[in-house]
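Multiple structures are listed underneath, in structure tokens.
Below, subunit A partners subunit B and then partners subunit C, in two separate complexes.
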Partner chain A sequence: MLKFSVKRRPRKLKGVWTGCGSGPSERIKYLRHWVGKLIRDERIEGREDRMNETRGYAEQLISLAIQNGENHRPTMEMATKWFKEKEMTYKLFKVLVPRYENYQTSFTRIQRLPIEYPGNPYYNVVLELKGNPYPSIFPEQRDKAGLLNNILIEAAKKDFYNEHRQSQVVRDSMERDIVGLERDTLQVRMDKSGSGKVENVKTGSTDGTDVDKL
Partner chain B sequence: MNTSLIKHLCTLLLRTNGELSTISKRCYQSHRIRNQTLDKHRTSPLNKQKTEDAKNDSKPVTNKDPEVPTRFLQKNPEFLPNPDWGYRDQIAEMVERNDMYRRRRNIFMPEFYVGSILAVTLADKFALGKTSRFLGLCIYRGDQGLHHKIILRNVIDNEGVEMMYELYSPLIQKIEVIKLERRLDDELFYLRDCPLEYSYFPQDMESQNIFKDMPVTTNTIKVKLNPRPWSQRWERVDLQGVEPFTGWKSEKQRLKLKRLANQPQVKKEWEKMDLMKHYRESIPPEESMRIYGEVVKDAKDWKNREERET
Partner chain C sequence: MQNASQSALKSAKKFYSSSTKLTNTEVRKKRNALFEEEKQRQRAAYVKRVEKILVNYKGQPKDVKLLMNKGISTPYNCAMHINEFLMKRSIVALVNGELWDIHRPLEEPCDIEFRHMLDQDPKLPNQVFWRTGAFILGHVMETAFKDNVYVELCSFPPIPVEKGCFVYDVDLKLPDWKPSQRELTSLSMVGGELWDKNWDFERLEVDASLALKMFEDNRFKREQIPDIAQKHKQKRVVLYRMGEHIDITSGPLIANTSQLYRFQVAQIHHIKSRRFGPLQRVQGIAMPSALHMHWWSWDLLCKRASKPMDYLLPDYFISPSKEPTQQKEDNVRAAVEN
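After this line comes the complex of A and B, so read on.
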């Protein structure tokens, strides 16, 4: 089963190679060329619609090879028909099958390339086999926590936080000393007149301090 | 059988039919919610999804194929859905399969292939005894789900007759296999263009002794075609069960038809290589195995043998 979305109907690939004929036979010839190239180079560029078609055929070939193995005659015949070069059938069965045997995702990756204005009326695309030896298309983000600047900034952040917390602790302790009570024991009690008075929850005695005047 | 009893049974069946999924072939609706989007919303966001590459580093997937009894897939080809994605609907398929299981508990459907001789008894209110029985050679077996159908061919009063039966129709009382065998082709529509001797089987033919898991033989008979014109262009089809045709009008005609048959747009050599075409026209093995795993579980409750009338 192909583990990426495939269109319901195949693309006709109009005008595959200008001047070389058209129709389903030419389409298959074209796809044969590009599937072989993909297996050989492991990363190819081209028009989006063409590359999407080759992706399906390449993945089907690989999945058939994984399912049936090289001793299965129909798959071997299919592989020899699809590749112009004999080395590619060898690569399919000896290199790609062990690589993709335990894969749960698709074996290929496709990514649109940026448009260089004015450009073409279609998207150009990169199609690559996963696990290829080239550097990845998306650069991996380096871990920059080890840079000196970042170390100093992190230290400064920590210091600031510690200071802020220390001052809060001091303020709390000062409050306690002044008031002589723990936090959350004081409460504001509203009178009938509407003015509030600070009250000690435990003892029930008021301080006389008016909330309005605070 | 009592007429009132039959009426009662038919009304019972019709009432249950109300619950039966009447799924006709739907046209592809682009505004419909696709299964992909449905599945996305079904999975919980609480399950943290591993990154793509991390998925591949985990333990290897062991595809344990469910234990399937001998020739189960060939005996019951109707449980696989239509491979065309425009007609796929997982929930509808599941509901349809449930209805098929319910039917299977009430009637025994034997093993047969194209080329076997079957006799089907239908409930027919205008017939004597309220049933009608037709014996014939199975020339076609197709369609998926509740639409699964067969075509039986026989000769009655020197006239070739073909009857089409939908196996999951509640009107069918009984399906008997008179002779269990295979032919060299998957479809025997060429018998329409053959002498009637090849399609004649007596209606009171005695049935062969059929036991469970018996080996199925292939009848390698080679049939002779009538002189042209034919109902289909058999010269373009690679038929195994037909003798090479010799009744050409002239050598010129034969060569012309051969040339036309060998045209590239007729031969379509590229279709043998077209992997995506094969993919689009079949159910992938993982899915078919999953479906048959469910079917096999339910098959224990099906009617295994015909009940002998006392």
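After this line comes the complex of A and C, so read on.
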């Protein structure tokens, strides 16, 4: 089972290489190339729609390899057909499977790149395998909670919400007073004879209503 | 140097006589003259024969060993040898693990580190900054009023940053005054101007007798000085000077007023104290120049700071040695009630 969402229908990848044909066979050629590149380089860049497609196929290959293992014939055949280089099948079963065996999340990550003006009508994107040896795309964000302005604002927020909650409690209790009775303060008190009477828990007074007659 | 300070002292003594009414300006002049004299006297001991000490600096951009002058060189001088950003941004130094002012002379060979407002763990700089805010409130109260109002500063307690304001308890002798927004703004402007003035915060340890002489016009400080001196190891009192304002406080303060940017006197509340009588509690809030804040958030914080702060009222600090046991119980009960 894949741990991220895949589109229902395959995307039409128009004009994948200039000079090549189009259509399903060219699409698979293109994807074979890029899935192999991803497994090899562990971080690739490209157009958003195309990288999204390669992502689906790469994730499926890895998850099948994890599920079935290398001794499963159909999986091995599929892997050898998908990768142009033999070393990639080796890497898939020997390196990536042990890496991703216990993952709860997806095995790849996509991040949009910034647009360089004037830009293209599509986003460029970085697709990478998680756990790769390169430095992360985003710099590590330091914890700024200790800075003076943040401390003061957090304390002000707390104060505000405590006041708000107190005023809410007051409002709720006022509502209850208006209605006259709180829920769960009535209970049925059973007599020795077996007949029950409705009783207010707090005050101990009874309406006189008999449960049998209700 | 000595002649100038001597003449200043004489002129100050001339101004200050028992027949004239006490004013804050005269008192400040006198205090400054005494402070300057003592500072030069203490410095002369080290200047005659200069000894060298080895200082190990650890931190950015790289670890360095420096040969500095004993009793004369300060952590600021060490930073001057290393890098400009250390000079400008450092709030406080750690000398052999101990909090040390940036302009306080180094006494012995040591390891030195610098701390600033944007550190990974800015807890210590925050405390130092908050303490400085209260110190500056004292300056504001002493300078802002006209000469016909004689302001006596009482004390400022160590209120934590999370409470949202710092506080100075003051005797303004204006029991029915409710400050308008305009008056509070003009008080805040006195603090706001400090950023331009680039005043250093100087530290001086003096004998209790000299401190009593400097603060003899302030009836609260006169009482407090013996207690403060008792707690100190060498029975001395630590004074800080910023420009012309001198006050007693134990902990380190920031390096320079250029590190303080926004200052606001939030509110002045009237409080009663068993020990000191009726006082005014001046509450304020400040921001360093290293940190930015939108005016809306600043307004929010100012509103929060203007709420009455009942934390660490003056009666909290009653020296146990002076009170007999019965009276002590009474005082504790009163403090709890307050």
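Worth a mention:
Definition applied: the second predicted complex is superposed on the first by the 141 of 214 C-alpha atoms of A that agree within 3 Å, B and C clash if a C-alpha of one lies under 4 Å from a C-alpha of the other, contacts with A are read in each partner's own complex, and residues count from 1 in each chain.
Everything below uses one rule, namely that contacts are C-beta pairs under 8 Å (C-beta built on N, C-alpha and C of every residue); 3 or more make two chains touch, one makes a residue touch a chain.
All values reported here derive from a predicted model rather than from experimental measurement.
When the two complexes are overlaid on their common chain A, residue A:Arg171 makes contact with neither subunit B nor subunit C. By the document's definition of touching, of the two partners only subunit C reaches A:Leu147; subunit B does not.
Taking subunit B and subunit C in turn and counting the residues of subunit A each one touches, the greater count comes from B. Once the two complexes are overlaid on the shared chain, A:Pro10 sits against subunit B while remaining clear of subunit C.
In the superposition on chain A, A:His72 makes contact with neither subunit B nor subunit C. In the superposition on chain A, A:Asp159 makes contact with subunit C only, not with subunit B. Of the two partner chains placed around the shared chain by superposition, subunit B is the only one that A:Pro24 touches, whereas subunit C remains out of contact. Those residues of subunit A whose C-beta lies close enough to touch subunit B in the complex are 1-2, 5-6, 8, 10, 24-25, 27-28, 32, 53, 56-57, 60-61, 64, 67, 78, 81-82, 101-105, 130. Residues of subunit C touching subunit A in their complex: 117-118, 120-123, 126, 129, 161-164, 285, 287-288, 291-293, 297, 300-301, 304. Interface residues of subunit B, counted against subunit A in their complex, comprise 28, 36, 52, 55-56, 58, 60-61, 84-86, 264, 268-270, 272-280, 284-287.
Listed in rising order, the residues of subunit A touching subunit C in the complex are 142-143, 146-149, 151-153, 155-156, 159.
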